[in-house]
Structures are given as structure tokens and as C-alpha cells.
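Note that chain A is present in both complexes that follow, paired respectively with chain B and with chain C.
Let's look at the complex of A and B:
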């Protein structure tokens, strides 16, 4: 008996150690390209491929890191592009959350005929890839003179089916008794939405907000179709513009990539707790 | 609860303000009065700043607004926006082999009234690339050629005398590979490198040198011909470079110049833009010599670069034409397009003024470059074929080049490419 007692924990411990090792290796494999990008952003572009073949410790480390590539970025469009992307993303999050939350409220709390059909259309809207409708949509926007405007860049991100779906699922978990009580006390639908649903749904709103933010932060094809000039340029387009026809300074490109990755990374890390909470509690009653 | 609702109201107000504010900021005061010319291209805005300010100084009241589109998306963005008759593009840059396709689609304004001036301004090759069905559709702004950059230190280590810049003493590809292998034996990592390892532009001369032609034939230039002995032999030679470890497989197109700058290869096939790059980065004794040809074959160098054309949907065609003429036909204007980049102006007069500046960039390393470029453009330059099916042809050939350098059997892969191109062209005939 005592033999089995001592053996089992040892086997468990070995298994646990092995699993941890495999987990750590997989984690490192994910980190490696990001780390390589960071290291190469800290050395001259001409050194990017110097240590690739054969692989050595210098491939992943540099003894003379410098910020020259980041300083070079200051003279280009990237600063303005990041500012524009942030502006577009923040306005989209604020306006989009308001509209998506109202839609979700209508589809979850207010009983009316055809509610299921409308929700079906909403679901369908986010199952169709945006790229598939971008070209005809761009033609419509051009007819409305929204080309090369911030409104033209913001509008497609505001009504997001995925965000409506996330918030609606969360709203459905709110007990209907609360709504009935509030209605009996004389609160209108707007009051129920504003005073009961919104305060209770912070995690879902943050999750949906992140979805809206990332949609705009990563937007690339739409700004190109909208004919954005230097005043309306967005981050991903500015990053791609760094790749010249005859010459690519990989050091500068990697520095720009690091900056463009860090901003959403910081936001996601800050909101991570709420995001997980919103996804894990969606649909729970 | 009140705080939450207040915050919500504030947020909605911010959104509304932002939306109304940004619509105001996006209005374009100049676009309605006809004095703004909108130029679209893939270059950094700094590249075209000198030609724009020179034009604006000569044409008071007219301004030029430049928009950059990422190089890889230029073609698709142009297709979508021109098809939608987008008036926000007046003048745009056209990759020369695409001229005929864009013209056939109705995306270029007919410039035939400028034929005589255009003929006088540039070389016959640079004039002909803009002609489709006897009409002139664009004007050449830039030109290019290819040369071989040599690491003389690496050759000296192997006891080999470096080639010279004299085109009459042009090396053969066979000689170059032998010297490259000797340099590898003496310590070089690689023997020979192309800059555009999977690019038709740089590989076309290999087949042309062996009599294989451009790969496109026929009266309507819609017959693929990439399986003839010239193409097969040239591509087998190219495949051998990789299977014999003379060239590295892992480094992609336009990523190879750092390998030369790091001193890891004795021979590098590159363009005029590399002169400035190596002047800055290469810390060894290098020189520039003619691009080799096959033993017993013809000396052929790539040619062509960018032309500019006018969008037929433009509301400012007159101002656009004025700007285009300034950038292509006026020597001073054309020279200004190359002030911030190392590329050859297509205008012959501008080219003569520009080449000494290019040669001076590399000091003694680039001695003789001006004469070499002038000679190559005059005698060995072969432009890419003019065909409405060029876009599909280039894309399929570039895929074949990639497969061939990664080990696909040459004959079979060229046959595949030929049938793929023929299938794609069926609907164009």
C-alpha cells in the first residue's frame, strides 16, 4: 500500500514536469517570432539577415541594441497613422457600443414579432466576411462622397454583428423579473436599458468593445479602398508603405510592427479579465 | 447609477462630436476648383516632393496632392478604384508591362497627340512600352537596367582577377559561377546571388540570352512560349545554382542585398538603386560590372520601370496632362523625380545629367557606372513584352521560378506554367 502511495505522486510529478516542459516549449515557440522581431528592431536593418544562417545566439540576441529605427519612425507617417487609427478605433468603440448595445437590448428584452428573424439577419451579417462586401460597399461610399473621410473609415465598424451577438447573449442572462419590476415601478424601456442592463453588463460591453477596437485597428483593405491620403492614413497602411519597391529597411519595419502590436497588446492585457469573463459568462443563466 | 448614465451621455456626445468634427476635417477645399492634381503611386511621399514643388513653382495656382498606396496592393487598388470611375485619381504610376492591359480596360487616357514629343524625349524601347494598338497611353518617367556588383576582396582571397566595367569584356554566366565556386572554396558563404530571385524582370535576360525569347509570341502577343530549348536551358542553369548551393534558397526577392553588403557573396545582380545602398552599407572593396551573358549567347539586360498615365474619369485632365508632361517630357521635371531616389530618369537629357551623380554616390567603387548604364540602355536593353495578358503571365512565371529554385523538375514545371498561362489567356483572345 505504502509503495503505491509513494509511486503515484512520483509518476504524477514526472507527468506534471513533462507537461510543464512541453507547455513551456510551445509557449516559447509562440514567443520566438515576436522576440526575433523585437531584437531586430533594435539593430540596423542591414543586420537583419546577417545571423540567420547558421542560427546562433546572435540570431536572437544583440549586444549593441539601439533605438535608431524607432527614431527614424518619428520622421515618417507612422505617428500620424497611429493617432488616426486610435481616433478611428476609439470613436468606433464608443459609437459602436452604444448602437450595438441598443440593438442587443431590443433583441433580448423587448418582446416583438419578428425578433428571431431580425436576430437571424444579425447573425448572418457577421458570418459574411467583410472583405466579400467591401468592394460594392466602397462604391456606395464613393457615391455618398465619403471617400477619404474619417466618417467613411468609421461607419463600417459601428454596426458589428459579433458585438450585438455577444451583448445580447449577456443581456439574456439578466432575470426578466428585474425588468418586470422596473416596468411596474414606471420605468420606460430606455430607463430599463440605461439603469439596469448597461450597469450589469460591463464585462460584455468590454468584450464587445475589444471586438470593435480590433476590427478597426487591423483595418487594411477598407482604408485602401476609401482612398485615404496622408491626412487620413492608418497604422497598417503606414506599416506596409515602409516596404519600398527597391529597398526594405527591415529594422524600421520591425520597429513599426512592435509599436503597432504593443498598443492593442496593452489594451487587451488591461481588459483581459473582463474579456474572459464576458465570453465565459455569455449564455449562463 | 446616475454616474453611469452621465458617463453614457458624455460618451455619446463625444461620439457625435467626433463624427461631426471629422466630417468637417475631411472636406477637401481644393478638389472642386480644378486646380488640384491628385497623383497616386507606391513610392514614399518624399520621392515625389521635389517634382511636385518644381511643378507648383512653375504653375502658380495648381497644386499636386500625392497619395501613397503600398507597393504590393497598388495593382489591385488601382483596378478597383479605376473600375469604379474614381475621380480622386488624376495621374497614377503604371508598371510598364501593365500599360496595355490598363489601356485595353479603358483605364488610361489616350495621349497620342504627344507621340512626337514622347519619341524625342526617350529611347525607342521606352517609347514603345507605352504604345498599344498604335496609340500612346502613358509617358515613361523612370528607366532601369541591371548590373553585376562584385566583392573584389572575396575574389582576391580566391586568387581571381575581378571583371572590369567595360561591356566589351563582359563575363559569361559560366565564368561567373566558376569564380563564385572558387570564392566559396576560399571562404565565401555563397557564390552568386540575384536580387529578384523569383522576378521575371531579372530572369527574362537568361532565356533571352540563349535565344528563348521573352516567353510571349504571336501576332496578338497571347501565345506562351516558355518550353523552348532556350528557356529550358536557362532555367536548368538557374535551378543548378540552388541545387549546387551556389545561391541560397532561404532568402526571398529584394531580401538578398544585405547578404552582399555583409560580404557573404562575391557576385550580386542588382539595379542602380543598389549603388547608393552599398555605398552606405558595404565595408569592403566592391565594384560594378556588366551583367553577364551565356557563353555563345546574346548580351541582354532588363529594361523598363515606371510610366505615368491619366485616369479617363479625372475631372482635371488638362492640369493632369500638364503635370505629366512636366514630369516626363521636361528634362528638369523628369530629373526632379529622381532627386530623392536612385533610379534612372527615362528622359534622355535628364538621364545624361543624372548618371554622373549616381556614379559619384559610390566613389571609386562605382567608377564607370554612368558609361556602363548608358551603353546597356542603348545596346543590350530588352523591355518586358507588351501584351494584354502580361499580368497573368508574370504572376504564373514568378510562381514557376519559385518552384524551380526550390527543386521542381525544370521541364515539367515550365510545361505546367505554359498550360496555366494558355488557360488564363483563353478568355482574353
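Let's look at the complex of A and C:
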């Protein structure tokens, strides 16, 4: 992954050490709040503030980690809320990827008049940020009786201009000669989409899938407006509701934070390479 | 070219465009692709129009209505809601806070993301690992990061514990009108910088290695290479990141709603929160819709200005 390949070893060595040190310090600083969250999730809530004044090694480590908080979490309402988040996000990714990839294909592979205008609509729709129009949309959804339904929570996530844009950029790099050849061999447009574009675009699809997933997983305002009853409340909203209460079990709160972070984290870690590729290169270069 | 016989055997629908270059099929050539493309596009288009564009139109329409139940039903009031907004000290305050926030947080985040991207694309021990640690917080949902930092920012929390270790006095953070906005910017940057860095790393990795080799042979220092090779060649990802970051920071809501509710003294009352507050706490939906329209227009203006800037840079 490294870019700079200097051919002078002596200069490299000092720079190498310095860069390594700075890189490590910054990395650790970014890790710190999460690490603290993790450690606190593994010990009783009463210990959260026990080791802060003054700071000691015990602030960031515990000798008796246990999963009690997680057990409490998963058997409670908060666990259910996290399950709701998971369901909403997975459905969004599957439905959203299909719809967005199809749209990207229509915008990149098939030349037709008015393509520019339609691409303009896509761009405009992603320039109008979702959160900005969430309040009028919530008003509309209430009229359509979609409040406190999973459909109401999922729908806004599946038509994602950003995902369309990402996939389209990748699709545009696929040579038109390839399409022409396939068409001459008698492959229909759906076949071109299904057999040529989709398999060649895995990195873009994974990147776009990640975008769709994170949109839903990180959503806060929309679920706050749309689904706050016990059966539909999502993890982040349920967690932040703890915030205002008097007797907060900090251990459980941190455990929920860890799970809500760990799930997207694992997905990002697995997809990281594809994600970066989807932003930068086309597989055909 | 497909053989004529093969074309006859095949049903039309299965093969929309046989013999593409034949003049006889001209009208089909023009219309078929359009229909096919629209078929591919329609689910997304319907979704985007209904879920993104329609609400903006609805918001605009409702922003021109007023009255409500007390004064005999909704009726057209023209720009009254906008006039009311601009004469409201809360709204003006919110606008100023949002502008201050925008002007500070975006350049800072993009600059940090760029420098980190440069740092983590150099060859160094454990570079990939340390980079992952910076990226790590992007997995934290905004609401969760707000909850975590609410504990860090408590008077007896981790933040003051660190200040104590350095021998500095305890700070009020979120309860101080002068510190609250900065406190929110710090937590947002913790989450955001790694994400933007990913795009810039991708851009930097796209720069051909030969350019650096050539520059090294010519004796250009690493610092010089950074500004004469890396920076100009990642200008496009930088542009994208700046636009996207600005828009996303314009819409910050969760941390404000969870941590400060806009306070203290309106010091963190960013536009999104002001809209939410107006619509649901004050129950003035029509005026809130007017504010939605202003927010959307401001967002579009920012994007337009930034694209213009980048374009003129390209021309230069």
C-alpha cells in the first residue's frame, strides 16, 4: 500500500522511525475512547468512574473482565433494539444494491437521449441531503400510515443517489467494446448487466453496499421521527434514551455502544480493501 | 454481426438490438435503448423523486401556509413564515452558530485527513495497523459517539481526568457556552477524519510511483514532492471530500440533540437541531418547513460555490 519508495536507505531510516512513531501515537489517540468504552463494558457500571481521579493503569485495563453487561443487554429491550437495527440494515443493503446498480447501469451502459437530465435528477437528489428533508418526509409518511413500521424505516435507505453515483463511476470504466461484443453475440441488456457489469464491479458494489448499510445503521434522526415504539425502535435511539435517565447502568450502556460499533466495524474491516478500490480505481485499468 | 437466420429464430424481447448498425431499424434504435434504460432506472428514480425531491416540494408548499387550528385552518400566507424566521433571534443565532461551525470544522477536518493520509501511505512500521485505528471510529454511529463522549465530557469523566494528569484545571466542556461547540467538533472529528482519510488515501495510491521516483532522482525533498506531486494530483478526491464533508457537517444533529439540546445559551444550536426543535418542541411545523427550505438552499449553495471554485482552479 505504501507509495513512497525511496531508494536511499540511510535517509529512509530516520524518516522511517519518525513516521512510525507519529503514526503510532495518532493511531493510539484515536483508539483511546473506544478502548475505554470496551474496558468499561467488561466491568461493573460502578467501576466506570472509579479509576478516573487520578488516572491509573486501571482506567484502561481490568483484571477481572466479564460479560455480565452483555448478558443483561441481550436479554433486555436494548438488545431487541439492536436486532431491529440489524434487520433494517440488511434489508436495505439487499434491496438498495439491486435498485441502485440497475439505475447505475441505465445511466452508464445504455446510451439514450435524456441520460444527462436523468443523471441530473440523481445528482440533485443526493445534493438534497436526506436529513434536511427528513421532517417533511416524516410528515408524509405519517399520512401514509407508515409510522412505526419497518417499511417506513427501510424505504428512505434504498434509493441512494450516492450509491448510484459510486457504481455508475465504476460502470463507466467498463469498455463499451465489451458491451457491443456481448450484444452482437446476442446477450440481452439484462444479461449484459447480470453477466458482465455486476461481476466486474464487485469492489464498487461492496463499496456501495457499505454506504447503504452505514446509512441505516448510523441513522438517528429518521428512526427518532419514524419508529420509537418498543417493536421498532433502533439501537442508537434506544441507547440515547438511556442518556436522560437517572439510574443509568453505565456498564450496559457501554456494552450496547460496543455492539453497535462492532457490527459495522467488522463489516468495514472486511470490506476495507474493496471500499478503497471502489473509490479510486476501476478493475479494468 | 449476427446471422439473419439466428435473428428470426429469436423472440424480439430477448434480443432487443440485433444488427445494431442497420439503417432500416433506425426508429427502434432510438427508442428501444431509452425504454430499456428507463426500465433499469425506474425503481431508483421513483424512490429518489418520492423520497428526496417530493418532500422538498412539500416543505416549500407548507412553508407558504400558516394559521393552524387556532386561527381557522391552514391558509396561504406567502412568505410570512420566512419573515417570522428572520425576525427570530433564535433562528439568527442558530444561523450564526452554524456558519461559525462550518467555517472552522471543514477546513480543519480535511487538512487533518489529508495529512494523515500522507502519513499513513508512507512506508513505516505498522503503518497499516495504526491507520486502521484512525479509521476505527468511523464505525461508531453518531448517536453512539455522542453517548460515549457524554461520559468523557462529564465533570468527573475521562476528559478532565486527562487534564488533571497534565496538571490542568478541570473544564466544564458541554456546560460552557464557550467550549460546547468545540467539544462537539472534537467528537465529530474523531468519527469523521478517518472516513475522509480513506478517500484521500485512495487518491494518493492512484498517483503513479514513477513520478516520485523521477522527482527523487531530480533531488526533490519529500516535503516538496508532497506539495508538487501529491497535492495537485489528489485535488479531485480533495474536492470531493471537502464538498461531502461540508454537507455532512451542515446536517449534524445527533450529538446536539443528545448532548446539549442546542445549549448552553444556544451555543450549539445548529440549524438541524433548530428545525427539529421548531417542528416538534414548539410545534410550529410551517415555520420549521421554511427553515428546511433555507437549509436545503444553503446546502445547494455551498456545493455550487465549491464546485465553482474547483472549476476555476482547473482552468488556471
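Here is the rule we use: the second predicted complex is superposed on the first by the 266 of 285 C-alpha atoms of A that agree within 3 Å, B and C clash if a C-alpha of one lies under 4 Å from a C-alpha of the other, contacts with A are read in each partner's own complex, and residues count from 1 in each chain.
The working rule: a contact is a pair of C-beta atoms (placed from the backbone, for glycine too) under 8 Å apart; a residue touches a chain by one contact, two chains touch by 3 or more.
What you are looking at is a predicted structure, and each value in this text was computed from that prediction instead of being measured.
Touch criterion met: A:161 reaches chain C, while chain B stays clear of it.
When both complexes are overlaid on chain A, the residue A:13 reaches neither chain B nor chain C. In the superposed pair of complexes, A:273 makes contact with neither chain B nor chain C. Legend: residue contacts after superposition of the two complexes on their common chain; A:115 is shown touching chain C, with no touch to chain B. When the shared chain is aligned, chain B comes close enough to touch A:199, but chain C does not. Once the two complexes are laid over each other on the shared chain, residue contacts for A:240 go to chain B and to chain C alike. By the touch criterion defined above, A:148 lies against chain B but remains apart from chain C after alignment on the C-alpha atoms of chain A.
Once the two complexes are laid over each other on the shared chain, residue contacts for A:135 go to chain B and to chain C alike. Contact comparison for chain A: of chain B and chain C, C touches the greater number of residues. Touched by chain B in one complex and by chain C in the other are residues 48-49, 52-53, 135, 139, 224, 237, 240, 243 of chain A.
Of all the residues in chain A, the ones that touch chain C in their complex are 1-8, 12, 15-17, 19-20, 22-24, 26-28, 30-31, 33-34, 36-37, 48-49, 52-55, 59, 99-100, 102-103, 105-107, 110-115, 118, 121-122, 124-137, 139-140, 155-156, 158-159, 161, 164, 180, 183-184, 186, 188-189, 193, 217-218, 220-221, 224, 235-237, 239-240, 242-243, 250, 253-254, 256-257, 260-262, 264-265, 268-269, 272, 275-277, 279-281. Note for the complex: chain C touches chain A at residues 1-2, 6, 10, 14-18, 20, 30, 33-34, 36-41, 43-49, 51-56, 58-59, 62, 116, 119-144, 146-152, 154, 156-158, 160-162, 164-165, 190, 194, 198-199, 201-207, 209, 212-213, 216, 222, 225, 237, 247-248, 250-251, 253-254, 257-258, 272, 275-276, 279, 285, 288-289, 292, 295-296, 299-300, 303.
In the complex of the two chains, the chain A residues touching chain B come out as 45-50, 52-53, 77, 87, 91, 94-95, 98, 135, 138-139, 142, 147-152, 154, 194-195, 198-199, 224-225, 227-232, 237, 240-241, 243-248. Those residues of chain B whose C-beta lies close enough to touch chain A in the complex are 1, 4-5, 8, 11-12, 14-15, 18-19, 22-23, 25-28, 42-45, 65-73, 77, 80-81, 84, 86, 88-89, 189, 248, 250-251, 254-255, 257-259, 261-262, 271, 273-274, 277, 281, 341-343.
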